[in-house]
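Shared between the two complexes below is chain A, which has chain B as its partner in the first and chain C in the second.
And then the complex of A and B:
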C-alpha cells in the first residue's frame, strides 16, 4: 500500500495520485504483461494517437 | 435563418433544391466574447443555443478545432434514454429526455427523435432481479419503466432468438417506452443553426492552443485564428479535456479510451425498438435508413486514435447474431470509433474549474449523446449564473476528493468499465 501512497499523505496528494491522469495524446509510458506467452512484464512507450510502439524494455531483465 | 416548413420543402423540391440558404454563417472570430465555448460538438452547440435562447446571452462563440459534429456527436449509436440506476444520473438524463421530447419543434429542425422504446433484456434470475430493482428505482423517481415477460419481449422483437437452443436465453426485460433514437448529425446541425440564428458565432477550423490565465482568473483563449478575450470560458471538448485543462495547470481524473460502433447494409424494417442487455454488452437498433446499428464493449486502453481492435467486430457480431440470428445474413457496411473521456466513477464532470470563470464539461464516458440537450441546458445555466444547478451539483470535479462518487456500475471509484 505504501508503495502506492503513504498513509499520511495529504488529501491533495492522495487525489492526485489515485485519481488524476496525465492522459497524454502522444507518447505514453505503459506497463504491459505478455499474458498469453512468456508472462514477462514490459515497460512500453506507445503513442496513444497512432498506436506506434516506440520503445520496449523488460521490467526485470535476466541477469 | 430560413424557417423550415412542409410548404418550404415542397417549394424547394419544385425548384430543384437550388435555393436553400446557408444553415449557419462562417464568421471570423471577434476579439472578445462574453462566453467562449471550446468544442463544437453536441454539448457545446447545445450550450451555446441555450445561453442565447434561455439567458439571452448572445455574445457567444463556439470554437471548434475541426468541423462541428466531427467528434462523438457524429460517432455514437444514437440511443436516447434516461433509465440509469442512480438518482443523480436519473435527474440529469430525465431533464435531458424531456428536452428531447420537444427538440425538433424547438429547433425548427427534424432531429428524428423516435420514442420507439429502449429495452434491456434479462437472461437470468439475477438479471431480472437487477432489472426489477432498476425499474423500481426509476418509478420511485417518476420515470417510466415497465418490466416485461418473455412473451411480451418476444412480441416486441419477433426476430429475437427465444428458442430452447438460444445462446442467451431471454427471461424478460425492462423497457423505457419514452426512450429511443435520434439522428445524431441532425442534433449538431439543428443546434448550430438555431444558435447561429440567435447571434452565436460558430467558428470552425479554430483550435485552442492556450488558455490565458491572469492571476486566478481566465481572461481568454489563444487559437490558431488569433487570441480571443472572454468573460467566461466553458471547456466542452471530449477527447481534448485533459489537454485543455493542462493549459490552465489542471489535471483531470480522465483517461481517454475508445468505443467502436458498426452499421450493416440497409434493409427493410426488422427491429423497431432499441435492444440492450443487462448482461451482454452488445446493443442493436435500426436506423430510419434501414441500417442495423450495433455497438458493444469499449476498447479498454488509453487511445486517441478513433479506431479500434478487430476483436471487437467479432465480439459484437457474435453477440448480435446470437440475439437476433437473422442478422447473420447481413453485411457490415462501416466500422468506426470515437474517443471516450473515461472518468473515475463512470459519471460526467460538470462544474466550475479551480480557475475563476473557467468551467468544465467532460468525462461523459460512453453515455454523452443521450444527455446532449440536458448537458447543454445545464451547462448554459452554469455559464450564465456561475453557479451549478442542483441537478449538476453532484457531478463536481471535487466529488472524488470527498468520496462522493456517482458510481453507476457499482464497482467503486475506478476507471469505469462494466
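And then the complex of A and C:
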C-alpha cells in the first residue's frame, strides 16, 4: 500500500510519501485499525468523495 | 380585533384545561394546544421582538419553521431558550418568558434601534468598530449584550438524556399522508419499519385537512398503520425529529419524552437520541410554505396561509376576524373556505396569478371578492398589528381593511435530509422550488417532499416508495394496494406557484426576507451591489438563513432575489450546504450519559485506595488519575511539592509509577524489533542490563522516550510514558504487522499487569536493602527478588537525579510491597512524593519529558540526544532525519535557563521587549538545594547562546523575568549520585 513507508526507504522516498503524496478523489486504499474493539488491522478501499466502502480485507491474525 | 377560540372543533381535549404562565401572566389552554395556539386563542398578538431592529413580531407559522415566536421555556436547570412557541405543547405549570426585549415585550427600549436602521444594514459591522484594542474593549461590551437571541440557563442541566441504537429495514421520516402510506406498504410487505414524526400526533397535513381514507376517517387510518408497524416488530416514534442523515444510512433521531421545561415522569430521561442504521429510508418530510415580499410583511397579523388554516382546523383558533389572503397558489383557497366556515369575514383574496377558473376558486368567489393579477405593496400596521393591506390590481391601487393577512408564496419541499445524505436537486419550475432527484445513499423522497400535490397523489407516491423500499430491503411480502382518499376537490388543491418578486414602489427596507435575523430585501440587494454575488457570500454577508430556523422560510426567497439581480434563472442557482441538525438540538442530548465524571473513561491505578488514604491531591494523566502530591494539613500544593522533592534530594522518597506504559517483547528477533522501533542501539545490551531509549515518528521527530531492559536472553521489557501508552501500543503493533512482519517475536502489553513504584534518594539503597532479600542492583541493572513474600523485579534507574530503584510486582500483589516500602521510607525520615515533586526533580536534573520538551516538533539533535542514535540506522524515522531541514543550523534546541526567582512556564523567550519570540520555556522548576528558579526551554540556536541574557515573557499573565541561558542540567550533571 502506498501509505506504508518501509524502514529502509530513502530520504527522498520518505519525503515524497509523507509530504507530497497524491490525494485522489475516488477509490483509495487505506489502512484502518479497530482501535476501540478487537484492534485488528484492516485494509479498506474507500471512495474519498462518497465515503462508500468498496472493499474490506481483515489482515490476519489480529495483533 | 384579534384571535379567538372557536366554540367547536379542533383536535383538542376541552375537558382538560391547562394552566401556564407567559412573562408572569397566567393563561389557560387545552390539552393538544401548542403555546402559540393557546396564546392566539386568548387574543395575544405580540410574541417577540426582532433581533436587530426590535420590531414587534407575531406568530408566522404553525410548525418548526416559525422564525418569530421564540420563548425561553422552563426554569432553572430545565430552561430552554429560543424555543419556538409552535413547537412546544402546553402542560400544566409551563412557564415561558419572551426574549430580546427590555424591559418588557410591550415596551422594549431596543426599539430605538429602528432610528439607527440606516446605519445598521446587513454587514454594517464589517465597516465599523475601528480603532485599536482599547476602543475594541468598549465596543465589545455592547456587542456582547446585543448579540444572540435567548439567554442560556446558568444552572447545570437537570435532565438526564439517553442514547440508543436501533436497526430496521425501512425508516420512514414523517407521518403525514405519504409517510403513513409508505409505512403501510412496507409493513404489509413484512418489513421491520421505524416511523418517526416530529409532531405529537401522526397525520401531518391530515391533522389540518380532514379526509376519509379507505372508507374511514384519515386519523383512524393513521392509528391502524401505526398498529401494523408495531405488530411487524417496528416502532412508531412521535415527538421525534430526524435530526441528521449521516454516512452509510445512519440517521440520528432526537426524541422528546417530555416538553421543553417539563419535568420528566420519574427517573425517565427528558430526551433520547436514537442512532438508527436503516437498509432503506423514505423521506416523507413534507413541504414548507413561503411568505411573500412586501413592505411590513413582518407585522403581527401576517401569517402563512396554511398556518392560519391549521390554527382553525386543528386548534380551533381563528387568528383574526377580518382576513385578507394574498396568494400565488391554489392551496390558499382552502384557507379561504376554512376561515369563512369559522365565521370570519374574508375581505379579499389577492391572487398574483392571471385569472384562474377551478371548482375551488368558484366556491370562494361565491362568498368573497377574488382579484387576480394582484401584487401586494404593503401591510398597514396599527398599535396591535395589521390593520389593512394595500395592493396593485390591474394597475390600480386598492386598499382593504383586515386584521389578519394570510400569505402563500408557494411551497418548498423539505429536502434537508436528502441533501445531508448527499443527494441532488432539480429546480421544478411549477413549484418555484428545488425537488430531490438522484439520491446518493438509500434514501427516497415521497409526497410533498418530492413535490407532489394533492392527497391522492401523495398517498400513491408514499405507497410506491414504501413498497419499493421494503422490496429493496429484502421484505418481499405483498404490500397491498395504495390507500385511496374519498374524492374531494379541496383535497387535490395544488401547491404549485411562486411569487418571488416585489411590486413597483415597494419599500424594500421593510420587506423582510429572513425574519429571525432581520434581513430585508434591501439588504440582499446591498450585498449584491457590494459584490457579494455568490449564494455563499450572500448568506454570510447578510446572515440570511443563519439563525436558529436555518432559513426554512427565507433561503429560497433570498436566493431568488440574488438570482434575479444576476440575470440568471433559479435552475442555474446553487444552494448553500445543508447541515444537521434539522432543528436545534440540546447539547445534553448529544452528551447522553457521558457527562461529569463519566465524560471520559476513568482508569484508577492499583494503589488508588492507598493514595486516597494518604490524602493525595489528584492529577488526571490521560485517562489515569495519579497523585499530584500528599500535602500535610495546612500545606499548600507548592509547599508540599517542595517538601517532597527536597526529601528525595536529601533523604529518600517513594512514588507510584504503575501507570507507565510497559511492554514485554520476546523471541529470537526481539532485539532486532526493538532496534526498528527505538532510535538507540539495543542489541548490545547484556542480559540483566538496561538503558534509556527514545522513539521517533516516521517524519523523524521524537514521539516518546523510556527505558529498555534485557530480562532474559530473548526477552525485553520496554517502558515509556503514561500518556503515550495507547499510542505506543498502536505504534508497536504497526511496526510489527506492517514494517517487520517477518521477524519472529511476540509483543505483550503489560501496562496493567505490572504495578510499580520508585524509591529514590541518597538513603534509597539502605531502605531497599532492609526490605529486599537480595543485594540492590547496580545502576542500569535489573534483578529478581522478594519483598514482603512477593516476587518482584527491581530496576536501578534514575529519573529524579538521585540513586533510585523501580520495584515492579504483579498489580494484584502490589499492596503489601507498597506498604512495606512505604513504612520503611517514612520510618527512615523519607516521604511519599507525587507528580509535582517528580517534575521539580527531573527539571533540576535536566531530563526531558513527553509533552513538555518532546512536543512532536523536536529531532534527537534538538534535544541533545543525537550521540545516542544508532549509527546503523534502520529505525523508524531514520529516513527523514537526514532531511536538510532537520539538520539545519539555528533550529530551536534544548537549553537550560536560570533566574533569581521563579520562571513562568510557557513564557516566550525574547531578546528585548517587542522582539519576536525565539523560543519558549518548556518546563519550569526551582533549585531544590539552593535559591532561584531553573527551567528547561527550547531556543533558536540552542547552547551556542550559553550565557546570553534573555527575557521570559508571558503577556497573558503579565509576567516578565530576566533569565540566563545555561546548560540544561542544574544538579549533578555527571550522575555521580547514582553511578557505580
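FYI, the second predicted complex is superposed on the first by the 46 of 63 C-alpha atoms of A that agree within 3 Å, B and C clash if a C-alpha of one lies under 4 Å from a C-alpha of the other, contacts with A are read in each partner's own complex, and residues count from 1 in each chain.
Here is the rule we use: contacts are C-beta pairs under 8 Å (C-beta built on N, C-alpha and C of every residue); 3 or more make two chains touch, one makes a residue touch a chain.
Source: prediction; values computed, not measured.
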Partner chain in contact with A:41 - chain B first, chain C second, else both or neither: second
First (chain B), second (chain C), both or neither touched by A:50: both
Which of chain B and chain C A:25 touches, first, second, both or neither: first
Broader residue contact with chain A after superposition on the shared chain, chain B or chain C: C
Which of chain B and chain C A:59 touches, first, second, both or neither: second
Which of chain B and chain C A:33 touches, first, second, both or neither: second
Partner chain(s) touched by A:11 [first = chain B, second = chain C, both, neither]: both
Those residues of chain A which chain B touches in one complex and chain C touches in the other: 11, 15, 18, 50-51
Residues of chain C touching chain A in the complex: 247-248, 422, 440, 676, 698-699, 730, 733-734, 736-740, 747, 874-876, 878-880, 882-883
Interface residues, chain A side, partner chain C - complex: 4-11, 13-15, 18, 31, 33, 35, 39, 41, 50-51, 53, 59, 63
Contact set on chain A toward chain B in their complex: 11, 15-16, 18-25, 28, 30, 48-51
Residue numbers on chain B that touch chain A, as the complex places them: 242-243, 251-256, 302-305, 344, 400-401, 413
